[in-house]
């Protein structure tokens, strides 16, 4: 029974990792680049939702605030791609890593300047509402998190699997030149994907905010979410979710049953084990080069 | 325009192509050696700090720049170097022994880690090293008798043959010590890169299949490279410990790993010089920003000190502008400037305009 | 006849290296034009510049009366130019069918007819259509690249060494297809090919590009008759022993 | 005795039988060509010999030794060098460095000696340079010595790859489509080089090639494969006369091309 | 002439975390300190000298803290340091401060090393976490019948201080010890840890986590219907903890012990109200947070000591003046007094409990 409780809590938490991880995968799938500012985009999204929704700010209804935040973050991320990221198009992936690390600092500064550095609580309709069934307590927020994550993963998966643009984005990540010569507007697709990942990050941020308070440094969570995405196999959306869920579930179970420091190390030990066994992640795509 | 006539293979094998570049290095070395006579404590301490970062940067450069093994965990190796050195010195070993041993211990640890990690590349390796970092961090907390746990430890004072090289007691000596170590490592690194071992590193980076076909044992090469990389990083860690004087595990945070990554990439991946330029950037630019901010306040009464995080933000913007302006790093830009002067009258204005370039998947090696 | 594509004084650089030094060519409606040239002459650079993959420093590229120099490559494709690039640039993790469907990315209508046609040309692609393209053999990838180029239903098809790595049988088939597309559907072609025999046979007109400059032009039969072409591109059959070839004849256009 | 013995070699990738029971011998000093339609399994045979792929069945013997169990990086040391169909050079190094990397199996110093750059290292370096310069001269690569691979035209890269294989100083060299993408003139050079490799350097050459004029010109024996299975083996003219080979591979071009 | 002092200026330095994970403390602290200095400077400074507060950002990175100290002490030649944040950061900076005897005023870390071993130049603003928690735990034993304690802490200085205090009580036999759980700053699920707590049968949990983590953990415990009390340190004595999920009432009954009082209950007092208003004007924030209290307290101490030191300002005269300070800090609600053998300003510990979404003072301990 207790284990069940742990697993459910872990799943909900893992879904948040998974959601942030989805953002990483989105951008990776479209450009094979890693956006180290993904966690900070999540943070910014959460703050924008707070700015729109909280009673002492704009006070819009929660749903509208979230959708509005998603829209704003979509436009913002899209613009960031157009104005900044695009400048290093075709440059080695490392350039993007440095660029996004630096962008993370800027995002934190922006959020800190607007909302201050003290923790704030996002007002949500699910706070404190719990469902009980057979001795297991499930927070409404957890249920919403799990549901939204599944929906988003499915939606994005379908986007890549079935839409023209989704396919084009993948093509662009594998060979930018070839994508261009079949007529894919690679840069514009990139902007779109960045926009999408901003919107997804917002959802992750809002759901994360249901668990506690937010401050400009919650983006640090991005590092762990990134690790989750990687052990899932960075190019795979279900992989990202699975990676997030693994980390999410391992944490509370190890926290409950593993002794002392081992509990803290266990997510990282799991990561190492997964990577040693499957060096390209759980859902690795072909690695070996055909010569 | 300078033309170098090569009359023997030694010209290519030598570290310097011609006397001129040798002279430049000599002048630079002389300036560095004489620095304590010209500058005050502030600048000298900053110079020592920059050299330590350059040393750590060289360490990471071997892995990232020369064998293409990205590491997000090098802070862990700094920590291992620092704690090993301090522990050995506390056990009574002199610095002259404890220091190299700290490097070797760290190197062996790194080399062992690299063996199971050999099939990983790029981002996957980066995450594996991040995991190693997280585990080492916990171990540092656990090994309280050696590391002082959360509380931290005081770095022992360096004495060599009865002369003090203490950071806070004898900064000049400490600076010269660091300078000598950095010079030695740089020389060894440069040697490595003109020898078969260095070439095998580059081979593994660019094409694993070809490297294998040429008889290069990829596992061993990558493990050696990672071992050398972590070994040098361990040396830097030991020095950083002495430089800070007092430290606990929080000194070696993930941000240090990220900063190191900035050092090698902004400096110029694959160039020894890049490690130095990158270290200069990461240590000096924030100071320059802070000094400029003070200057604004003092001279124009514009007080920006009250805007929290502004320094960091400006630094980030400089990074962004820089990477947009020159994605191949500071050293790449320097090479271009040099070429421009060398062929001076012939240079076209837009000679270095970037031609469009495209990426291909790097998932297959 | 009107020129579909006309290139004037094109200069393209790789950083400091000048790869095209003022190239001018014309391609007329419905014609196949081939470009011959030694290694490093700049053929690929010319193709890439026309396709928008590289920025020219100087010069005009006019396609159907419109200047397309400096346009983004995807816009160029939309205008009706398709490039089969050198060295099989396929999407390795996508399936063969996905690769081909991407070839029709810019087309509005249904492209399944063309897909069947490509499968008919290269049955092996149909057999493997659900497999990742990265594991195809070299020649199969080349087929895929050509097939993908055909999928876009272009007005001007540029082929950069289409026979690279193809078996003799397939090389013939490819050139058969090229000739047929040109004759039946009126597709204009710009062709770079190391196999000068077959290129000169298939094309109507040719240019010779050396060191980034056009050094010779004319109808293919005329070119084929030239001494220089025979010596350097067709390989005189009487000189196969090394002893007779210790010296090299200088090209007269240099 | 034959230098390379391939017996009943097979490898399957999922459902694809890329190579399915191929056997042949290559004698010392011979130029042996493998031809066959695209996807016949030619490159795969090379990959099996250089131990990049694990055979599903069959054995490989080189110089009398079973090499089926060796690792890919052990192969070069035995004296087998190869080139790749798609060119696998070290793009961010110069031509000279690429060739020097070919000398890896001959290195006599360890990394500590390298770091200290002991006089021995310098001596060794000079010796490697000497060998590499011979290769450069042989392949007429002088003009490209210090150029980065990334900016070289396709044809030159092909030649550099041959050079890198030669720098190993092998007994057997595997050339995967050495002439693809080369002009007639350059192909002619390749033909001469192969002749010289065999005659002056005493090399054995195993080659995959689609250019039948080159195959005819240089090879002693030819093996034709299709669908992973051997089709015909013999002298170039014998194999080309085989109706199966004509149907699957040559088409009607035999007459014009030759 | 003492370093950092001219006829019309006193240079004070500070190395803070203005962009990292502890920015929630440093940023308001610096803002509040600057408000104090602005007012002093507007009134002509102290003995004709204006205060120039040079603020450096170390982003919670020790090497950058060492760099900041080098700059402030060796380049800017500051007279004293104020509100330096972080234990390892402070300790690293001590190496430069000690030889020159640079006074370190009210560092934002309540680690005992800030005043131990004693040195003339070390001054702490409030009692250490250790003392605050010890007093609070004793209160909880006495008043709430707490018997068995569990710990959920980050392995940082404040975590360790809390651990030390609780362990000491356990050794003294006053309480029993249950599970001791160490966490990472990036953890966000505490179900497992709370399971351990439940298993070991603790009735009270001493907690030293990030602010948001604390809210999260307590919410989870309430969700699981766990009947445990929570005890936080000064680092958790934060308005948002009380306010955050006030509507749900989940935070009710959470305790915290600190060297200062929560502001909200005293917002009616005229001086406090005035300060809150001026802070709001400067920052737009309705209620100054913990960091602001600390910043204001530290800056006030510094200003008072500078005044007391007289026009002839040296390190010696300053330290002597510090040791004479004895006043009530109305804003922090505590009493500040230093002496030659007491370099801790406010020695009281205030135990507060969340009631109806506000911190309510339940006891003051000396």
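Note that the chains are named A, B, C, D and E in the order they appear, and that numbering of residues resets to 1 at the start of each chain.
The rule is simple: a contact is a pair of C-beta atoms (placed from the backbone, for glycine too) under 8 Å apart; a residue touches a chain by one contact, two chains touch by 3 or more.
Computed from a predicted model, the values in this text were never measured in an experiment.
*Asks:* Any chance you could name the chains that touch subunit A and subunit B both?
*Replies:* Common contact partners of subunit A and subunit B, which must touch each of the two, are C, D, E.
*Asks:* Roughly how far is subunit C from subunit D, centre to centre by C-alpha average, rounded to an integer in Å?
*Replies:* Roughly 28 Å separates the two chain centres.
*Asks:* Quick one: report the Å distance separating subunit B from subunit C, using the average Cα coordinate of each chain.
*Replies:* The separation of the two C-alpha centroids amounts to 47 Å.
*Asks:* What whole-Å value do you get for the distance between subunit A and subunit C if each is reduced to the mean of its CA atoms?
*Replies:* Those two chain centres are 43 Å apart.
*Asks:* Which positions in subunit A touch two or more other chains at once?
*Replies:* As it turns out, subunit A has residues touching two or more other chains at 105, 108-109, 112, 117, 174-175, 177, 180, 223, 235, 261, 264, 285-286, 289, 291.
*Asks:* Two or more other chains in contact with one residue: find those residues in subunit B.
*Replies:* 134, 141, 209, 308-310, 312-313, 356, 358, 360-361, 363-364
*Asks:* Return the residues of subunit C touching two or more other chains; collapse runs of consecutive numbers into ranges.
*Replies:* Those would be 14, 53, 89, 92-93, 134-136.
*Asks:* Spell out all pairs of chains that touch, sorted by label.
*Replies:* Contact pairs between chains: A-B, A-C, A-D, A-E, B-C, B-D, B-E, C-D.
*Asks:* For the complex, which residues does subunit D have touching subunit A?
*Replies:* On the subunit D side, the touching residues are 43, 47, 52, 84-86, 88.
*Asks:* Which residues of subunit D touch subunit C in the complex?
*Replies:* Result: residues 13, 36-40, 42-44, 85-86, 151-156, 177, 180-188, 191-192, 195-196, 210, 212-213, 217, 248-254, 256-257 of subunit D touch subunit C.
*Asks:* Which bits of subunit E are touching subunit A when the two form their complex?
*Replies:* Touch residues, subunit E against subunit A: 19-21, 23-24, 26-28, 180-193, 195-196, 211-216, 219-220, 222-225, 238, 240, 243-245, 247-250, 283, 285-286, 289, 291.
*Asks:* Of all residues in subunit C, which touch subunit B in the complex?
*Replies:* Subunit C residues touching subunit B: 13-16, 53-55, 57, 89, 92-93, 134.
*Asks:* Looking at the complex, which residues from subunit E come into contact with subunit B?
*Replies:* So the residues of subunit E touching subunit B come out as 18-20, 23, 26-27, 30-31, 34, 52-57, 59-64, 66-68, 70-71, 74-76, 86-88, 91-92, 94-96, 99, 155-157, 159-160, 182, 184.
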